[in-house]
Amino acid sequence: MVTGRGIGVGLIGTGYMGKCHALAWNAVAPTFGDVARPRLVHLAEASGDLAARKAAELGFEKASGDWRRLVEDPEVDIVSVTTPNAFHAEMAIAALEAGKHVWCEKPMATSLADAEAMLAAAERAGTVTALGYNYIQNPATRHMKALIEAGAIGEVNHVRFEMDEDFMADGTAPFGWKSQKESGYGALDDFGVHPLSLLHVLVGPLTEVIADCAMPYATRPATGGRAVETHDIANILIHAGRVSGSILLNRSAWGRKGRIAVQVFGSEGTLAYDQERMNEIQIYEARGPLAGQGFRTILTGTVHPPYDKFIPAPGHGLGFNDLKVIEAHEILKKIAGEDAHLIDFAAGIAIERAVHAMARSFAERAWVRV
Amino acid sequence: MVTGRGIGVGLIGTGYMGKCHALAWNAVAPTFGDVARPRLVHLAEASGDLAARKAAELGFEKASGDWRRLVEDPEVDIVSVTTPNAFHAEMAIAALEAGKHVWCEKPMATSLADAEAMLAAAERAGTVTALGYNYIQNPATRHMKALIEAGAIGEVNHVRFEMDEDFMADGTAPFGWKSQKESGYGALDDFGVHPLSLLHVLVGPLTEVIADCAMPYATRPATGGRAVETHDIANILIHAGRVSGSILLNRSAWGRKGRIAVQVFGSEGTLAYDQERMNEIQIYEARGPLAGQGFRTILTGTVHPPYDKFIPAPGHGLGFNDLKVIEAHEILKKIAGEDAHLIDFAAGIAIERAVHAMARSFAERAWVRV
Amino acid sequence: MVTGRGIGVGLIGTGYMGKCHALAWNAVAPTFGDVARPRLVHLAEASGDLAARKAAELGFEKASGDWRRLVEDPEVDIVSVTTPNAFHAEMAIAALEAGKHVWCEKPMATSLADAEAMLAAAERAGTVTALGYNYIQNPATRHMKALIEAGAIGEVNHVRFEMDEDFMADGTAPFGWKSQKESGYGALDDFGVHPLSLLHVLVGPLTEVIADCAMPYATRPATGGRAVETHDIANILIHAGRVSGSILLNRSAWGRKGRIAVQVFGSEGTLAYDQERMNEIQIYEARGPLAGQGFRTILTGTVHPPYDKFIPAPGHGLGFNDLKVIEAHEILKKIAGEDAHLIDFAAGIAIERAVHAMARSFAERAWVRV
Amino acid sequence: MVTGRGIGVGLIGTGYMGKCHALAWNAVAPTFGDVARPRLVHLAEASGDLAARKAAELGFEKASGDWRRLVEDPEVDIVSVTTPNAFHAEMAIAALEAGKHVWCEKPMATSLADAEAMLAAAERAGTVTALGYNYIQNPATRHMKALIEAGAIGEVNHVRFEMDEDFMADGTAPFGWKSQKESGYGALDDFGVHPLSLLHVLVGPLTEVIADCAMPYATRPATGGRAVETHDIANILIHAGRVSGSILLNRSAWGRKGRIAVQVFGSEGTLAYDQERMNEIQIYEARGPLAGQGFRTILTGTVHPPYDKFIPAPGHGLGFNDLKVIEAHEILKKIAGEDAHLIDFAAGIAIERAVHAMARSFAERAWVRV
């Protein structure tokens, strides 16, 4: 039986991922049944009023309009940082310096220097860090990893990643902050880090890249029209040691809503996956009579951990939010000193370096080593 | 801002659906943000030890080895009944007689008489009742209903429902209680009620049926072999007023894990859905140039309520457990006096009557009016 | 090397299937390379003018406005009968009595008596007969048959067949001959015979049926509106010995263009197929680790005979017309005294009997033995 | 009514595409019904014996072991060149110099110089030339082109092409000629020309490329192992004017049998296609209520010309070989002076230049203008 005091949680930010973190902290104990229920201690938002309202909605005890008060709260053991990317570094570093564990949304920061500073702070603090790469928590992608490691498709020699959504596809929508330089490169860092997290887990780190970026709309509506400063499309040819491949990113891809299409080619088979059908993977194994070979669609189920913690019947389907519950559980395991399936700041810096190498490659129109 | 004391929850049973109820009661407030957080007051299980352990895991305050103590607990406002079907009637009636709201898993009972008694008790009590027909809560199936009501496919004239899983497909597995007469008819009541709930919501009540049931395995392994007493397969031809159709059920369908395939044909189009891809519906609209017509796959998103309460981006996917959170929210709305999308005991009795009419039809090898 | 004089072909009818036969006779020799090129001797149509024009288009030597002249032509060895169903009996019997082989489109006739007379004539003639059940010629369905026979899915215990098109789906289209009683029952004989041919080949003959038929539109546009006399929808529950199942037919199914969906359930796996994706089958085999099980999509290729006679690379796709080429080749094999995969009049009569049993079952609202 | 003498056909080569040409010449007249039946005059193969056997099989009148005799045959009006790529130039030029029309399989040649010489010969001859880019003949891809031209997806801004098969995927298979330098670059020219033909038709010519090639297996089995000299994998980032995109090629992709996956992104929608399901296209149109938007799967049918020439019912499916029949018909139209949908030598040279630019880009590890 699980006993003892649950970990004290502080949450900064209550947007898209902020609510997702809150739901995960709320669900992790009853879902897994092997951890003490986290205490939702402190929530910070841009104003005290908003913080108070969100704390009531999401079940946090205290609310602050100043995130620094949350970081200083002795009841807070771990800080969820879910604010816009430009704020990650300052908040994460402050939390680390206060001796907290940190669960920070991806990407780490908007500059490589900031990300490196975050890693340095983490190393000084010695606490647990984790980045919000939720797609690696999917029992489906975990099973892909297990299959690769078990040699199901032989030696991996080639990969393809596509990530597409359509939130920037409407060229008649007003110029917004995602088209401003300050938000980053565009698809490359806003998007590219997710496929990179899967690449990291399934194949390993990148060694060399060449990138091309494109603007589907050179200007977007504003008074007089306004020149777009970010690239909604990015295509990258990659090498990861002996493995070649590509990463194709498009956040102006009409009709794609949450597509992360993965193809992994090996000497004895092929694996495929699409996040829009997140409860399925496909595998082709070049074994047995040729007349019987084909891509097999595996629906995740109780034999693909930790699906069984959510539903005791196969094929019933996890959702996007469930991935964050698994992530929270991995963090609690790591804090408890167990092995965990996570991308921490030390591992995550490789993803940041890759992104910035891609940006440089595009600027220089040349191959760049990561 | 949501204030006030949350509803007091009692949970009887902690198996498949028991845990699912617990997770839903736990998640409904932070997910929707417009209801007070339910208090997880009391949990009952077959023994005090098990109850205590599960209460700790799932976050309930009190634990009992005797469900009657839970029903009598004045702090309990609503009772979740998630025990095996044979126990539903006694527990639900006791809870209703104690003035509680009741959320009971499907089907209502193993006999029509019991179900009718449950309905009578509900009418006497005047409290809120709800049956666990979670698939009608899916934003995807709700959108199908909205499309039908908006005339998107014209007048419905034909329907097909299939429900298939494979938990009884292994004929070499030992004889178990699901093959015993006492568990019910087999696929018909164990399974059939889910398609019937969708039929009820999308089209309306059945008027006439003819059923055929089958045993893929006449005996199953036991000492000396044991004759199977239930039918793992059931096929029913149906009339629902002017709408004709079929319901095909197979719990020995190798490879099907959570299939509920729905096809609704109308005078101007067709709708299709499969629960194994629960975040998609398909629609064919016989409009516009023929060269452009085809089945359109709609990924559910923020424009399909209440998807937006879970995730602010489309196409990211809800999971099976999320449907129960929506169901819990509907119950809270109904308790608050609002309109709710639920199948209560009064509506649910039609489903029970349909199931028993099907069983009679099979026995008599004849069409039976419902 | 193939030498010798090719078979002399007579073609009656040049509509949908008439052209399809002509293309098949034209393609069979170069495709298979092991038969002498059939001589396209004689074509008959409703008028001499039409016959002459079609003979020029399709490459026949002679043309007649009177089909009896074709049947009497000594240069004709085999007669393709592709006229409306009501004419099949008279033409086929005349051809058989003239000592010709007969390739007749499905169904055999519009009455069971006519079909029985055709069979009797065939038995008297002793020549080769074949019915145009082209879907059984698909390398995909042939591979299903081979898999079933090899025990890939264990013992078959249940089947589902659906056949759907939408050529009768438009209720605003004028009343036409397919809505007239004289055309037959409706979906049952117009449609049902195709699934029945697959059932025949994959599972075996039916033993018992109960059918329900429906009219999506009671009337169709004509002066004053005209009552529909045929049923565009038919659903049948079936027994084929110990195998239970269903056949669902809908020729008013908006969006379905050539759907023949087959599901075959066995004690160790499941097979699935849809004619709209005619180059694929799906198989689930309940073998090996559960975590790796799933439906495997097999694309037909050179290892699925006789695909290789058309294309030397797998997965490139046969088309609907190619099936008729295979059928023609089977007929030539049978004429040459070899084993052939065909439904002749003797086998086809079982399909006719099944259809008429279904019609009687619907009329009597009762189970009927076939 | 079609009258007159049909065109005289000479066929050099009877392998994969040779047979495909023969079948197309044989089928084009009865399929389309508006052209005189081509006369299969002369067939040439590597030896007289083989030529004689193949002529009998495929229905040609004369057979030669020396292709030059075929080229000189005054009865031959058009020469189908279907030999290995290295022979194309010599044969095509000889045929053109003899005043014949030439239908040559893709790619034009193994060197750009040869391709340019072929174009020069064609310009001198003034006869009709055509390259065997059959995928552009598919009613599905033609409909994509029509949709793009009609503005269905707005202004195209991005494209993705993938082409994958697995005939080189087995690293344990013996070293063969496709791994020899003399066969060309590998995936780039063996494969890349097909996506390039679609790109050419759907979007227009390339302007700039950067390519990366890879060897999944550095050596293949031979005595002592033998170093592979060609690249089975090629990835190219592309610009076609303002349109950016990628072409990904893999002939060692286990499980892919005939995959040509196309995605075309526009300012108002997206088109997608996969040759393995060659009778379908998908379109997403960003129009109407968001709740109803989705990818629509259009099955090709009689409203997508020239599907109707093959089958008078929609959704029944064309096959790979049918595409060549359409191609043959386009050639006959062009010879008759009509507009035709073809890639002739003048258009095809752009594809050759693109391929060689890609190869240079890979060698130089730099962007190259086409």
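Labels for the chains are A, B, C and D, by order of writing; each one numbers its residues from 1.
What we mean here is this: contacts are C-beta pairs under 8 Å (C-beta built on N, C-alpha and C of every residue); 3 or more make two chains touch, one makes a residue touch a chain.
Small disclaimer: the values here were computed from a predicted structure and weren't measured.
**Q** When A-C is set beside B-C, which has more C-beta pairs in contact?
**A** Answer to which pair has more contacts is B-C.
**Q** Please compute the C-alpha centroid of chain A, do the same for chain C, then give the distance between them in whole Å.
**A** Spacing between the chain centres: roughly 53 Å.
**Q** Rounded to the nearest whole Å, what is the centre-to-centre distance of chain B and chain C, using the mean of the C-alpha atoms as each centre?
**A** 41
**Q** Listing for chain C: what residues touch at least two other chains?
**A** 256, 293-295, 299, 301
**Q** Edges wherever two chains touch, nodes for the chains themselves; is that graph a line, a ring, a star, complete, or other here?
**A** complete
**Q** For a test of understanding, state which residues of chain D touch chain A in their complex under the given definition.
**A** It is residues 153, 157-158, 160, 162, 166, 169-171, 210, 212, 214, 216-217, 233, 235, 237, 239, 244-246, 248, 250, 252-256, 265-270, 284, 286, 293-295, 365-367 of chain D that touch chain A.
**Q** Can you name the residues of chain D that touch chain B in the complex?
**A** Chain D reaches chain B through residues 143, 147, 152, 283, 289-299, 301, 303-304.
**Q** Show me the residue ranges of chain D that touch chain C in the complex, using the header's touch definition.
**A** Residues 1-3, 15-16, 19-20, 22-23, 26-27, 29-31, 33, 37, 52-53, 56-59, 165, 167, 256-259, 275-279, 299, 301, 310-322 of chain D touch chain C in their complex.
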